[in-house]
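Here the chain labels run A, B, C and D in written order, and each chain numbers its own residues starting at 1.
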Amino acid sequence: MTMTVSSPAPAPAVETATYREALRAAIREAMTRDDRVFLMGEDVGRYGGCFAVSMGLLEEFGPERIRDTPLSESAFVGAGIGAALGGLRPIVEIMTVNFSLLALDQILNNAATVLHMSGGQLNVPLVIRMTTGAGRQLAAQHSHSLEGWYAHIPGLRILAPATVADARGMLWPALADPDPVLIFENGGLYNSSGPLPADPATIDIERAAVRRPGDDVTIIAYGGTLATALTAADQLAAQGMSAEVIDLRVLRPLDDETLVGSVRRTHRAVIVDEGWRSGSLSAEISARLVEQAFYDLDAPVARVCSAEVPMPYARHLEQAALPQAADVVAAALQLAGRHG
Amino acid sequence: MSTAAKPRRARTKPSTDDRVALLREMLRIRRFEETCVQLYSTEKIRGFMHLCIGEEATAVGVMSALTKDDAVVGTYREHGQALARGMSMTTVLAEMFGKQTGCSRGRGGSMHLFDAALRFYGGNAIVGGGLPVAVGLALADRLRGQKRVTACVFGDGAFAEGEFHESANLAALWHLPVAFFCENNFYAMGTALAREHAQTDLAMRAASYGMVAWTADGMDVVAVADAARRAAEFIRAGEGPCFVELRTYRFRAHSMYDPDRYREKAEIEGWRHHDPIPALTATLRDDGALTDADLARFEKEIEAEIADAVAAAEAAPLEPVAELTRFVTSEHRSAP
Amino acid sequence: MTMTVSSPAPAPAVETATYREALRAAIREAMTRDDRVFLMGEDVGRYGGCFAVSMGLLEEFGPERIRDTPLSESAFVGAGIGAALGGLRPIVEIMTVNFSLLALDQILNNAATVLHMSGGQLNVPLVIRMTTGAGRQLAAQHSHSLEGWYAHIPGLRILAPATVADARGMLWPALADPDPVLIFENGGLYNSSGPLPADPATIDIERAAVRRPGDDVTIIAYGGTLATALTAADQLAAQGMSAEVIDLRVLRPLDDETLVGSVRRTHRAVIVDEGWRSGSLSAEISARLVEQAFYDLDAPVARVCSAEVPMPYARHLEQAALPQAADVVAAALQLAGRHG
Amino acid sequence: MSTAAKPRRARTKPSTDDRVALLREMLRIRRFEETCVQLYSTEKIRGFMHLCIGEEATAVGVMSALTKDDAVVGTYREHGQALARGMSMTTVLAEMFGKQTGCSRGRGGSMHLFDAALRFYGGNAIVGGGLPVAVGLALADRLRGQKRVTACVFGDGAFAEGEFHESANLAALWHLPVAFFCENNFYAMGTALAREHAQTDLAMRAASYGMVAWTADGMDVVAVADAARRAAEFIRAGEGPCFVELRTYRFRAHSMYDPDRYREKAEIEGWRHHDPIPALTATLRDDGALTDADLARFEKEIEAEIADAVAAAEAAPLEPVAELTRFVTSEHRSAP
C-alpha cells in the first residue's frame, strides 16, 4: 500500500537535516503534491506549531490549508474524520498524546470503526500526528507514552519515526493509506539530526528495520528508545556481546517476521519501551515472541520500560523513571549470564 | 415538559402534492417501525433498537429539504432518517436481521445504518459523536468549493455533551455549511429536559455561539419541511451554519429495553394529540386533497413494501464467518 | 487495605441472587453505612440504571444521593474526582466502557495522577463502575472490552467481579481504598445468579482466586471469560486433561504470586481475554509468566482473545469474534500435544 | 483585540489599607515572576513555565475575596494564584527547582503547585481539566451543607473545550457554589480570541447556561477584588454558581519556549498602559495613601523574601531516587 516498493532501509542520504525540518519538508511536499492535503490543529499556523514543526507553512500555504483550531481536541479530530470522508486528506496535529485522550472517542469509535461498521462503505483517509514521550521535565500531564494504546485498536496503522529519514518519508505513504494512520513523534527527537534520503517516497510503512546487526541478543526499540538501544549495543559490544538492534517503526500492524527472524538467530530479546511497563507495547511483543519463537529462546524475554509512576518533574526523578542504556545493558547481560 | 413546546406555523406552505407525499412518507416510517416491534418480539431483530414513532415528522421534514448531493449525519434512532433519505426498506431491514444484504452487511444493525451513495453517514451510537464528523464534512465542502449542505441530526441529550459545544463553535467560527437539527423530544433516555439542562431554551443557547438559530414544531411535518428548506437555502447562500430545534416527542419507550417508568401516562397521551400523522391527514382531508381511497392505497402499498422487505430479509444469506475480518482495513489501496 | 483479613475464597453462601441484585445490595449497604457515599451517573435514578442495577434506589435514598446526570461523561467523572477531594465517597457509574473514553482524560490526568503530582498531598477516594464486554449484539460502539487500558494506569486499582459474591463484596473495600478504584461489570453477567456470601465484607480486592484446581494446565480468565474457562475445563476433564482455572478478579495490581504459583505446577498456561488480542491484558500476563516462570514452562503461553475487529452486530459474526470454550480447549490440548 | 476590553468601575471601593495590600501583593508576584525568568535562563528552573506578568490583578483580586475555608482550582499559569492564595515563595520556588522541600516534593514543577492545607487544588496543565474538578468540590460542599466557595480559574482558550460546556451546565443545573473566573487575556498560546471563538463575548455566552455572569476589568485589581467579593457573597447567599470574565493581558510570551511572533508589538505596548501596578500606584499616591518610602520598603522586603526563597531552594535536598514510586498510591489506608 506504500507508494513504491517497500524497503525498510532508508535510501542513500544526500543532505542532513533535523527531525523537525524533515517533518516540515514532508508536510510541505505533501501539500504541494496534493491539494486535498491540509494541516489542522492548535497553533499550527500563526504560532508555527507548539514544537515549531509547521513554522513558516502558514505564510506558504495560507490559513485555509494551515488551519489553526480552538482548544477542542474532540471536535477538530472528529472534523478531520469528516473531512476525510468528504474527500480531503487531512493531517491533524494534536500537540501531545496526553491531550489526545480528549479525542480518543472520535479516533476509536468513529475513525477506526466506521469502515467495518458500514460494511466496507466508508473509509477514513486521515493522518493524525502527535508528540509523545518524556525527558524534558514537562511532568505528569505532558510526558506519557500512550502510543501502545493506539496500537491496540483494529483499523488503525500506527507509525513511530525514530530517524530523520523516517520523519521525512513516512508522511506521504501515510497519506496514501485509505485508512487512518497515527504518527507518533517523540519530543526528544525534534532537534536530532541525520541524513535525508534522496527519494523519501521509497520509505515504507510496513516493516521494522534492523538498525544494527548482531548475533547474541536482539534489542527491540522504537521512537525515543532507539537511541537508548543503540547506545546499549555499543556498550555491550565493548563487553564482547553482539547486539542486534531493531527499530519497530510500525507499531501496528507489528512486523512479526523481522522480530521473530532476529530472535531465532540471537535466541535472546530485550524490549525497550518508554511506556509504563504493565500493559505496554513491550508486553505484546514479548507475548508474540513466546508464541512464535518459544523453542528458540535461550532465556526469558526481558523488558526495560518506564517506572510505573506519573512522570515526575525533577530531572533526577524523571531520568530514574525512564529506560536508560545501562538498564538495557544489564538486562542483556543477565539474559546471557542466566544462559551461560 | 409538553407545554414547553411552542408550535410555530410555517411561513410558506408546500404544494398539496408535496404535503401528501410527506404524509405518505411518515405513514411508511410509522408502519415500518411498528413492524420492527413485532420482528423484535420474535427475535428477528436483536440488540438495541430505538424507534422514532411519534417523531416521524422530523426525519421526513428535514430530508425533504435536501438534494442528493447533500450529506446527512444521523443518530442511533435513525430508521426514519435512513428511509426518508431514500434507503430501501430491504437494505435497512436486512441489516437489522444481520444479513449479508444489509446496508452494512450485518455488521451494524439498527444503530448503524449507512449508505455512501446517498451520503448518509450513519447511524452513530455514541451520543454527540456525529457532530464533529458533520463539521468535517462541511469543512471539506468549503475547502473544495462545493455548495452542498451537511445536515446533522442529534438529540436534546447530545446537546449536553462537550462535542456539541466544540462543534458548534467550530462551525460558526469557520462559517461552515452545516445545519444542526436538534430533535428535542424532551428526554434523554429517562432524564427529562429540565434535569439535563439548566437552561432549556436550546435554540437561544445555540444562538449564543454566533449561529442563526430558531425553533420549529417537530410534530408538524410542514413546519419542519419549511424550517429545513429555509436552513438549506440559508446555507447554500453562504450564510454559514444554522441551528434548528425541532420540538417533538417519542410515543414509545427509549429502546426495547426501557420499562418507561419515568413519564406520566397523561403526558404521553397529551402528546398523542399532536401525532403528526392524524393531524396532517385531517388537514389534507379538509382541503379535499386526500380521500379514504388514497389512504387505503397508501396502506396497501406500504404493507406490500414491508412484506417484500421482510421476505427478502428472511431469505437473505448471512455474511460467511470467513468474512469476519473483512473491512477492518480497506481492500483497495490507492495513491493519495 | 481491605476492611477485614483478605481471603480470595467467597464466604459460605446463605442465599442466592443475581449479579445485578448483588451489585444493588452492595450499593444500598454502602449508602446506608456511610452517608458520604452517593451514586452519580446517567439515568441511575428515575430510569433505574441503564442495566437496572440501581432500580429502586432513588425512592430509597432520594435524588441528592442517587444523582441523575446529563450526558456529560467528562464533567460528571471529573465532578466525582472533585467530590472525592472534597470529602465524599462517590460511586460514579459510566454506562459502558465505550463511553468512558470521553472521561479518560479526567481519569488518567487527574484521578490517577494528582496524588503523585502533589507530592502525596491529595488522594482521590473515588469508585467508578462501568459495564464492559460483548455478546448482546450491541455492535461496535457498545461492545468493546477496554479494561486492559485502565489496568495500564499507575495509581488506579482495577476490579472485575465475575461472581455474584464478588459483585456483592467488592464495592465496600473499593470505597475503603483511599485511591481511585474502577469496577468493570461484564454486561453478560447481570442476569447470572449464584450464592451470596454471609459476610460480604470478607471479600478482598487484592488477590486472584483459584475457581477450579487442576494439574495439567492453568487457564487464566476474568469477568465475562470466567464461565468460558470453566466450561473449557469441564470439556478438558472429559478428555483427561486437568485444568486449573484462575479468576484474576483484580486486573491492577496483578496477583503474580497466584498466577506464577499455579503455572509452576501445571507448566502450561492459556489466557482467555475478551479484549482484542494485540495489546490486551493477556499480553501483560503472558509477558509476566515468561519473566517469572520461563524455566517452568513446558510450552509457550497461549492466548485466546477476541478477533481484532470492531464487534459486529450479527450474532454469528459476534460469536465468531469472541473467545469460545472450544478455542480454549483447542489451545490447551495443543500446548499438551506440542509438549507430549 | 485589546480594544475589546471594556473596563468597568467597581461599585464599592475597598479601604485604603486593603488597596495598598493589593498593590504590594501584585508587586510581590511581579518580582517573583521576574526572578523566575532569571532562574530559568540559568536553568535552575526547567520544563514549561508560564508567567502571569501583566495579569497579577486577576490572581490577587480573586484570592482577596476568599476565606481560608474556600477552595481554589487554578491553571498552569498559577504562580500568582498560588502566592496570592498564601503559599510561601519558599515552597513554590523549591518546587520549581525540583527539590524535596517543594510543595509537591519536586514531582510537579511550575505547572503543578498544590497546597492541601490552603485548599489550593493545583496547578492543572490540561487546559480545562480543572473545571469538572471544581464542580465536584462545590458538589461536595453542597451535599455536606458547607457554605464554602470554590473558585475555578481558567482561560479564554479553556472556554472552547467541551469541559467548559459540560461543567457550566452541571454547575447551573445543580445550583452549585462555584465561581468561574475566566482570565481572558485574548490569546490561547498564539491564537487570538477571535480565532478561538465565533462569539467572543464570553460573559454573555456563560449567561446562556443559566448562570449570572458579568465582565470586569482584569487590569484593575480593585475592580477584580470587588467582582470577586460580589461573586463570593452571591454564592454564600446560596444563589448558585456565577461567572466572571476578567479581561487582562500577558505582557510576556505564552511560555519560555514561545517566540511570540503572533502579536503586534504595538498591541503589547498599548496594553502596557493598563499595567495594573503603576496604575494603582499612581492612584494611591494621589490619594496620599502611598509614599516613595513605602514603595521602597515593599521592594526591599520582597527582594529579601525572594532572596531567602532562592537560597532555601538552592540549599534544599533532592527527593531521594529511592522515593520515586512513593505516592503512586496512598500509604495510609483507612475505612471509608
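The definition used in the following text is that a residue touches a chain if its C-beta (ideal position, glycine included) is under 8 Å from a C-beta of that chain, and two chains touch if they have at least 3 such contacts.
It should be emphasised that the depicted structure is a prediction, and the values quoted were computed from it without experimental measurement.
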Chain of greatest Cα-centre distance to chain D: B
Chain pair with more C-beta contacts, A-D versus C-D: C-D
Between chain D and chain C, distance of the C-alpha-averaged centres to the nearest whole Å: 41
Rounded Å distance between chain B and chain C, as computed from the means of their C-alpha atoms: 37
Approximate Å spacing (C-alpha centroids) for the pair chain B, chain D: 46
Sequence positions of chain C contacting 2 or more other chains: 70, 72, 74-75, 98-99, 102, 105, 109, 116-117, 139-141, 154-155, 308-310, 312
Overlap residues in chain B, where contacts from two or more other chains coincide: 104, 106-108, 112, 124, 126, 129, 160-163, 166, 169, 173, 195-197, 328
Complex interface listing, chain B residues touching chain D: 160-166, 169, 172-173, 195-199, 204-205, 208-211
Residues of chain D defined as touching chain A within the complex: 46-48, 98-99, 104, 106-109, 111-112, 124-129, 157-158, 160-162, 188-192, 195-197, 258-259, 261-262, 318-319, 321, 324-325, 328
Touching residues on chain C, where the partner in the complex is chain B: 42-43, 45-48, 50, 68, 70-75, 98-99, 102, 136-142, 307-310, 312-317, 320-321
In the complex, chain D residues that touch chain C: 71, 102-108, 112, 114-116, 121-124, 126, 129, 131-141, 143-144, 162-163, 166-167, 169-170, 173, 326-336
Residue ranges of chain A in contact with chain B within the complex: 1, 3, 30, 34, 36-38, 64-65, 69-70, 72, 74-90, 105-106, 109-110, 114-123, 125, 154-155, 157, 172, 175-179
